[in-house]
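Both of the next two complexes hold subunit A, though its partner changes from subunit B to subunit C.
And then the complex of A and B:
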């Protein structure tokens, strides 16, 4: 579904910010892209959605090479939610904002109304369609930005720091949306600095360090390998540290930790 | 510690070009006085004088390593102005001296006047480009602050240049955000015109909402504090530069003042 083949990219000729990036991802996967600030995560995201073109190698999205396909056509196959949702909001109503993408796809009438209602429901604003997007709180505004991309039903979804600035309720809703998209077969790629979030939601971790792919591992394998986390400059999730400190099997979610802990207690060890 | 001693060449700015030339190293106030002198000279000099001064400024730009950037902007701005001046003053305004040149009637005095205006504007523009490409706005602000210029005035002078870069970045961000939602910016002019509100509304909305935020941040950083704040990493200055500045300002005043007195 997504193939990144030996990609190199440089803003200034001779100084590559990404070198030899090579990976692929399939439908239904949730892949986290992690690394220090300046490691090249957001640049990689812009290579995936076609905003940047690789200097070497190629990116293939849903069978289309980003080098040969205009960005607005790629948008039918890969949806992106950037870090600052305010940057995309231009409509006077939430409904209008969500309708923008599907309208570009040619959707109209009853089908469009149905799509908007479904998205409003999913982002938890079923009765707020006529409100101005800038009148709602920042968490809800970010969910509107997510919703405006969900409305296009792209088979690949890119989320740049989706959890940042979300309150607890919005965070839970976002996690539900990611889980639903995974169940639908959508490939979700998220750039994230919150390792607890990554541990809870990602199946796989791609770590970038100084412009190269330093790790491509299943989430549990990545976080239990100290050398990999240190190379990527990321912290071990709290729940995993706790489980390891207590001598439990590595746990990536509080639920898994509780189960492991209770199992040990019942087992009397 | 490295981040505290960051050089001005490391900081982003749309027009400024990093370098180590004498103009880059000069105190920003010296560069500002040079600009003021060149602007005043462009007002009073005849066409030959403004042409010479423009060529001299181009030569300095080339020597200081900003020539390519400055010349590109000079051409982009001056070519349409030159065409407009030629058409309006050479072809359209009747000065009772139209002469046939092939199929068209041309006014020699109109062309002469157009050339005078053209060279004056070119000279002023080149002087300004030389200034903005070699002087970082943040350093300008520091130099004004160091000299005790009221913070409001210093900010008024430097802020347009300081805001260009973040404003351009934001415009790019908005354009990218809409493109990845399917907005086609490669279609017909009609389609592009229809896309304008999608790009402009967020840009204007964000700029307006920024105003209050920016004012709060400035207040929080003792923007109008009295006595004046201490300037960290103040641009270097010297007695020679102080005298050069005084000379340039005196020349500027004399250039503008004497013709006025003479006419009186």
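And then the complex of A and C:
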């Protein structure tokens, strides 16, 4: 579904931001990209969606090399929600924003209306289609940006800090969307500083440090290896730390913690 | 603690909006306080931040009633330069805050102090100081627009600090920062001389715990809870709107399973949970 082959990229010649990045990812995976500020996480996303071209190596998206495929064609295969949704929203209504992508794909009439209604429902704004996207609050705007990409039904979804600024209800909505996309076979890659979110939602973690891929592990394996988390400058999720403190198996979520704790208690060990 | 900022019965409605976003809100913040204002989405968090920072009223955007005053003077009586030297606001999207007329990080931080017509040596001193606080010295010659999101967030805070404000209003200040940058920034802010008053507006609970010692919950256009972290984060209205920290959620699971006393406050942080459960940090 996605192959990154020995990719190197530099903004300034001779000072690569990323070197020798090599990984692949498959349908239905949720992959978190983590690392310090300036580690190259957002740069990597722009290499994946073809906005940047590797200086060396190759990125293959859904069978298409980003070097030979125009960005508008790649956008049918890989949708991106950027860090600041304000920078990608440009329509006068939420409906127009959601409709823009599918219209470019040739969708029209009832099929388009149905697609828009579905997306508005999923992002929790079923009755807000006629509102201006800049008149709504920042978290709803973030979900509009997510919706505008979902509307194109890309097989790969890139989300840059999607959880930022979301309250409980909006967070639950986002997590539901990620779970639904995973279930339908979408490959989801997300850049994220919130390790509780990564622990809850990601199957796998890619860590960037000093311009290289410092880890490529399943989520629980990554967070239980302090050498890897320290190299990437990320925190261990609190619940996982507490579970290890108590001698429990590593727990990625509060629910898993409660189950592990009670299982041991009942078992009397 | 002497009152510094007073919000009195503030009622504000955006043009064409059906209902006021701030509805008779009153609040007093004292000098040197570290306040976190927690709020669900669309509760008026950023609007309140703009009122606190004196960015509102602005043109047609006026209060239906009430006012915000600093040191007893309504913000509308302050001129812009005077206000900018007293209070600084750092918004949610750092890239939107860049002046657009600075070619380097250094110039961006110097922009504000230069506009106060300060002597060159004083501008240099302030820029150097702010770069240390926000760990930007190694990026001094970089174009601000080429920085990462987290680096731009540190830059926008540095530019605010270089104005030597008495109050800093930060709208989700650490949301783009990695843990080391966040902890480093908080530690450096703690070391700043004088009683800098910090007002943080947050939707995320965990980062606010490190930044504040007084917590307010904004909901329905008013402050509905005001107290310590334990009082406000365990308030059912806060849990309903913002959820719980992951540790509190885990401990709530134990409580519901009968393994934690129902009448005992839930630990909010890892340190509190370790202390409550009598366990040691297992990983050195």
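The rule we apply is simple: the second predicted complex is superposed on the first by the 269 of 269 C-alpha atoms of A that agree within 3 Å, B and C clash if a C-alpha of one lies under 4 Å from a C-alpha of the other, contacts with A are read in each partner's own complex, and residues count from 1 in each chain.
Throughout what follows, contacts are C-beta pairs under 8 Å (C-beta built on N, C-alpha and C of every residue); 3 or more make two chains touch, one makes a residue touch a chain.
Predicted model, so just to flag it, every value in this text is computed and none were measured.
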Clash or fit, subunit B versus subunit C on superposed subunit A: clash
Touched partner set for A:149, first subunit B, second subunit C, both or neither: first
When both partners are placed on the shared chain, which of subunit B and subunit C touches more of subunit A: C
Subunit B versus subunit C as contact partner of A:105, first or second or both or neither: first
Subunit B versus subunit C as contact partner of A:84, first or second or both or neither: both
First (subunit B), second (subunit C), both or neither touched by A:49: first
Clash-bearing segment of subunit B relative to subunit C, given 5-13, 185-193 or 239-247: 5-13
Subunit B and subunit C footprints on subunit A, overlapping residues: 84, 86-87
Residues on subunit B engaged by subunit A in the complex (per definition of touch): 170, 173-174, 176-186, 197-199, 201-202, 205-206, 209
Subunit A - residues contacting subunit B, complex: 46, 49-51, 70-72, 74-76, 78-80, 82, 84, 86-90, 100-101, 104-105, 134, 148-149, 152
Residue ranges of subunit C in contact with subunit A within the complex: 39-42, 46, 92-93, 95-96, 146-151, 154, 172, 175-181, 203-204, 206, 240-243, 245-247, 249-250, 252-254, 256-257, 259, 269-270, 273-274, 277, 279-284
Subunit C-facing residues of subunit A, complex: 11, 35-39, 41-42, 83-84, 86-87, 136-140, 161, 164-171, 193-194, 196, 226, 233-239, 241-242, 244-247, 251, 253-255, 257-258, 261-262, 265
